[in-house]
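Listed after this line are the structures, all set down as structure tokens.
Heads up, the next two complexes both have chain A, just with different partners, chain B and then chain C.
Our next item is the complex of A and B:
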């Protein structure tokens, strides 16, 4: 924190005239009276003509610099009175679970003096914030990144895959990955392919309400994720998030079938075209899906962490300009996943560009922007035309999963035939041959 | 006991919370609360957040550990994802900001230049988020009452909390409809005052706010927190959520007495040479002592795998039962504290043996604790976690006894006393609501709003008296009631005498409420309809109370239905004359002896038969004519 963080322009110039810094108890004299309070940081991108202080009552108020006649320091900022959490709990005979953090704050501490929120990341801090964890597993933790999820990309997927494999091969009975929710689905798909055949559960978890609030879903989700990592009889890559609005049941989704379907609700994550794998309620796991690989502890995990960045996910829309495809091809793109309409169509005027791309060796596959349901390109002429050009239909695969899978396929194959074969093969539960009648299965 | 406010250094501060009558809620586009039936239920658990200092509010921690499940009931009509804490708050409602600014300007307060929404941690479940959103709008004003000027400290805008519907077992049920309704909170500086004059202050402030015409009216739309302290070792006690104005003075008197009593207990403790080191640091487990007890209470605890612990109090003999003022005892205070932790009460040395605990048990407890003749002790029993938290709270409360009055949050009882509701929360746990950017208050807006400062309420009252020919008592009653707007609406749309409307909306409804009926079930439209029936002559004004009674009891669903049920379709003059003739016939003798003097008695008898089906004045004139006729015919 700089001494006048957030202040710019006129307010910064005014503050610099006086010997005060953030956190100092100051007295501001105005034409309407005197205000005493702690000098606070300024909210990013706010205007440059207010000074913010925290009154003794705890309230923040902004005072216009136009009526300030004097500022003086009453007391210097007290250093942060941070109390270190108790020591790391002694190793237990509970299953060893590693919590890898990539960003987002699954647990945090609030400094009511400055209003700052600090993530709790070390094992000690995590266990102090969510003490239930120590009764579930012998927790080990590692901070891999501190990134907002929109800044996660394939380089991080690769590093994460290697880290998870290292932990699993070193005896972790399960791994929990904390992750911002926005691209959590993509990372779950990426690990599903890069850690294909993972012998233990790897559970990604996030929160839709930040962990500094008492109503946060972070702890409930984290506890369920840890329970799953420690005790589930199945293995693979999963996502643990709220099943509905209640802090009650947590759904365990397959990493290749899960999607964030709401901007803010706790139950934003849904298994699409597939039932959930399991539910966790009161610490108990109820398995719903039968076709999930069993836990196979002791098997060595061989990561395949390469992803081809020259891959695109393109959404077709009315007036879609086929030149976009030509442009991508000219820039060296190696694969395109199309989000077509309905059962898997695009306007026939795009066929020329698509054919040129495929003839040039670009892998092109079709998913549906309907999200729910599968593509079936033999139903209409337009679909049949695309099939004959060489567009690969991807069944009920989610567009995002298809995109990640194509990156991984292109990163790990040399021939076009191999790529096409892998794209159509069910590698990590990304295809479902049967789709349930109900969109969402109720909790057991 | 009579209190002498000056002598005991009584100081009272008021915080008045008044709901605003905005079109929408404070941070979303939901309309104000409706009576809609909830169609959605969900369960949450609130987790105390750790502060940087590593502190967690112990009461909050207890509730969390106890695993209290919080159930919310909501209707799509008046709640959305924002109330459910499933969507970030929208922009601050500017209509609410302007209303609070107008109130602030009427109080001569200085608005802040930039509004910052804060999160105030509240984890009892009354807010889905676990915090209340609140912001300071203005500081430092003056409230002028009849005979004094009371400093105003802060004027805040905040969201109302969810309404607690029930609490049982490990479950609390709240309705979301009230959550997020804008409230203005006016905090007055503590002042030395007679309890009655504090009531007067609250009333004046309420009227000043109502004068804006922009605040909600009716029961439950205004609530007072009353902060009471006395000199000489007294902390400030906050009595939260007093809804009835007439309770304020009683509550202050009770607190003054209670706090005076606690100071006497303190003096007595100190005069014995005791100090806080006389309170044992830790309770002693005496579960085994009571394994074979004949006390039903303890047996029940033991059956449920609970614990019994005892706390040693050196030199405390007689102090737990000591009653310097009737009803004020340390023992009673301690019992209130443990109840918060789900324990029924305490057993203490000044009242034992009793409750099935026999001398033999006590001998063994005393032995374990090392109690001598002059010492005291307390026994509590309950589930292990409750006992653990409750005994910590007991030790803290006993330590406070040496200082006098602990600062704590208490709640009002219906008879104007107070009872312990929560241990003192730590320092205000507030941090910025980062979802809502700071919002500047434009200078131009203030100039615009200062033109909207309403006339003083006294002027409005005079206007009301002049316009509707009401006497001052009636005018004040209707002004202070929740029905001011409705009154204006009914007077504008019917020809019924304003005083009749005012009396119905105030006195009649109050008297029906005293019978235990709930007038909040009446709708504005229903009341308007009633007076339209009166206006058209379909219902006489005398029948109004009977109709209201049927509606409130739920025996009739509409005014027309009630009128039909009562057989109240107004009686024709002919039918009235028939009744009059019969009554005159029956009372010929009286008319003969008393002449016109028989009128009032006969009027009463006629009205019994008319049973509200005809207007009293009409009956009276018909009766007078008939009596005159009867007298003439005899002559």
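Our next item is the complex of A and C:
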């Protein structure tokens, strides 16, 4: 065995007796039967007496070395293959669309050596994998980051906003941003504020399955995002992801109203307290929302890419210790978004710490951990107490969007009054007017 | 004016000229027309130049005192009326059910003096308002607390668990707990662990509308909860709330899998990553889940009511400051449930603080802020890093249930190994085996 990643002790010793390496298709003979699969890496917490292979079914099995009588190689490790599209002049009548890659599953592939997923696919590789893209738009592309999305934060949002603005101001008719799904909603909100008034569509897109897997949603999502960036009549910041479990319909969500509501389903993203903006099916865009700004090409986009890092999102829970608020204040926090219960409540014993923070100039706003619905703090006297202390109620704004907005507001205002005013103004569709009781059904 | 709550300065002076008091139905004449409605209280942040009345439509309007030419009383303030049920001997063939009141909207009424909602209705008043209850069961009742549910915490959970156990051990065939909806899910989880193995059904029930309002869901919810407590063939801790916007179907949710997913809808409560246990319609219980323990009357219930308060639920977000973890450790925290992104991720720069905490003996477990789906930390190397540090992955457990379970586990174990083992064991239906991709649709 030439590569030994993760195997230690007895399992390593056994593997080294055979001409196999990580990623090879191997056959393991045991006293109970023969197993065939890809030899997988093991990780730091692994024991030393199992060999792990991935069966054709996709499941990993660990086989005790005490049961193993023979190991042989069936086929050598092979990575995914990419086809480079033929060189051809870009059709001059196609709109110019920029694809900016930041990482995530959509720009990743299964690493056959480790069995894990790595952010590794370049935009060129994406276009090679999805040749349809070159028929939709004159694609310009740039790899800005190669990050797991849980590591994306405000520094990246700022750099991304500047890059998008540069591309828009240089003539891109739309921009696609490939992004890991975990914090895609946060980044979509961040661009919605930093690129307020964006004259063309900017479409963030991710994938819940690696783009080289048969069940991947990467290609359909990417095609829909590119169609939207190239052709949509509307402008602003959006997210394109599978609408449901069918293969063909992609939802276009408003960047400030979208949330990842499932860890793994392809239709994990949903518009909350808001309808989708549009659907894309077979390359056609059907607009379903009437209040989206029109595309206004030729208008210069002035980015406002500053975000205040000294901002926190705190979820209230029973036995929540309000000292955490005092501690954040002592560390120089400038704003806190609370995720209260129901209509916007926290236990009354938190009021002292909240009041001290507000009196010290900290911006404190209220959202609901219910996710759906809207904060209404005038119904109960406890809510009214919080209002009179100075807590800002944020209506139907998502907690995550509220947190990003507060970072942006604090980064772009000088006075507390301006901050409070901006928090309560509808800047980028983050507030929706009260709607009837119909709601898109989702998740369970 | 004899009662002046909230009115100050000029508006107070004007009101004092007329024989009206808060809660009266009054008529206000202005140069533009006449308004009739209930005189409402004003609150701390009110100005001094509006009089606020609640119109018959239910909306409040503020009328500028500069426009007012006359005020008169149409009818005196009147509170809601309750009819005491006729004294009759309890039918001896009805099962004995205890209703324990803790407060919340279901045990509240609109205070016509303030326009707000107050937890004020006793269980006797509830029974008087919902006489159907006395035909379902031989009702025994007790007011344990009168609290807004955001003020319910582990001290109340412990007292409630002891009270329920006392009632069960004294022969109640089922127990109904009325509770504010905001933290009802947390309390349901708490009882699920503290009353593990409960031999009869304990049904928590709330209401999204005050019980004296025409659109209230209080009566139907309470009737369904009482039917379930009296007659269900299954046992354990459950939540009874409206299934949808129809008037007649109530869902019975497992206490560890239920979440308030809307701030105000009657069907705000949903089973997450799990089907409902049963539906109640027109007094009939339809069981839909097969893996619920049977009712086992006569078995003694041994409560385990201890909860460790030094436990926190932390929601990860971009730019999350890991110092908060070090700070909690310095304050003696014993367990932290993280709400990570996606499959259970946090930014890699948090790993140091997490490792320091775990090395110091703090229990750290991972859930997902997606709400739906399940944590799977072996897919990405970042997740595997967290696993090797010792973070406990909690599968499809709700973050709120995970937090309550950790409080309970830390309150009832001596060693770290026992705590880790209990966190990963399925004690009260908090873990569900992987299910097909169907899910009940909800919320938007």
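Here is the rule we use: the second predicted complex is superposed on the first by the 328 of 444 C-alpha atoms of A that agree within 3 Å, B and C clash if a C-alpha of one lies under 4 Å from a C-alpha of the other, contacts with A are read in each partner's own complex, and residues count from 1 in each chain.
Keep this in mind: contacts are C-beta pairs under 8 Å (C-beta built on N, C-alpha and C of every residue); 3 or more make two chains touch, one makes a residue touch a chain.
Just so we're clear, the structure is a prediction, and the values are computed from it rather than from any experiment.
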item	value
First, second, both or neither for A:245, with chain B first and chain C second	both
Chain B versus chain C as contact partner of A:55, first or second or both or neither	first
Contacts of A:33 with chain B and chain C, given as first, second, both or neither	first
Touched partner set for A:264, first chain B, second chain C, both or neither	both
Touched partner set for A:273, first chain B, second chain C, both or neither	second
Overlapping contact positions on chain A, where the chain C interface meets the chain B interface	43, 45, 116-118, 245, 263-265
Touching residues on chain C, where the partner in the complex is chain A	43-45, 114, 116-118, 148-154, 157, 181-183, 186-187, 245, 260-265, 268, 270-274, 307, 309, 311-321, 323-324, 327-328, 331, 339-349, 368, 370-376, 378-382, 384-385, 387-388, 400, 403-404, 407, 437, 439-444
For the chain A and chain B complex, residues of the former touching the latter	32-33, 35, 43, 45-47, 50, 52, 55, 57-64, 67, 80-83, 85, 108-113, 115-118, 120, 128-129, 208-209, 211-216, 219-220, 244-248, 263-266
Chain A-facing residues of chain B, complex	42-54, 81, 84-88, 110, 112-116, 118-121, 123, 128-131, 134-136, 139-140, 154, 156, 427-432, 434, 437-438, 440
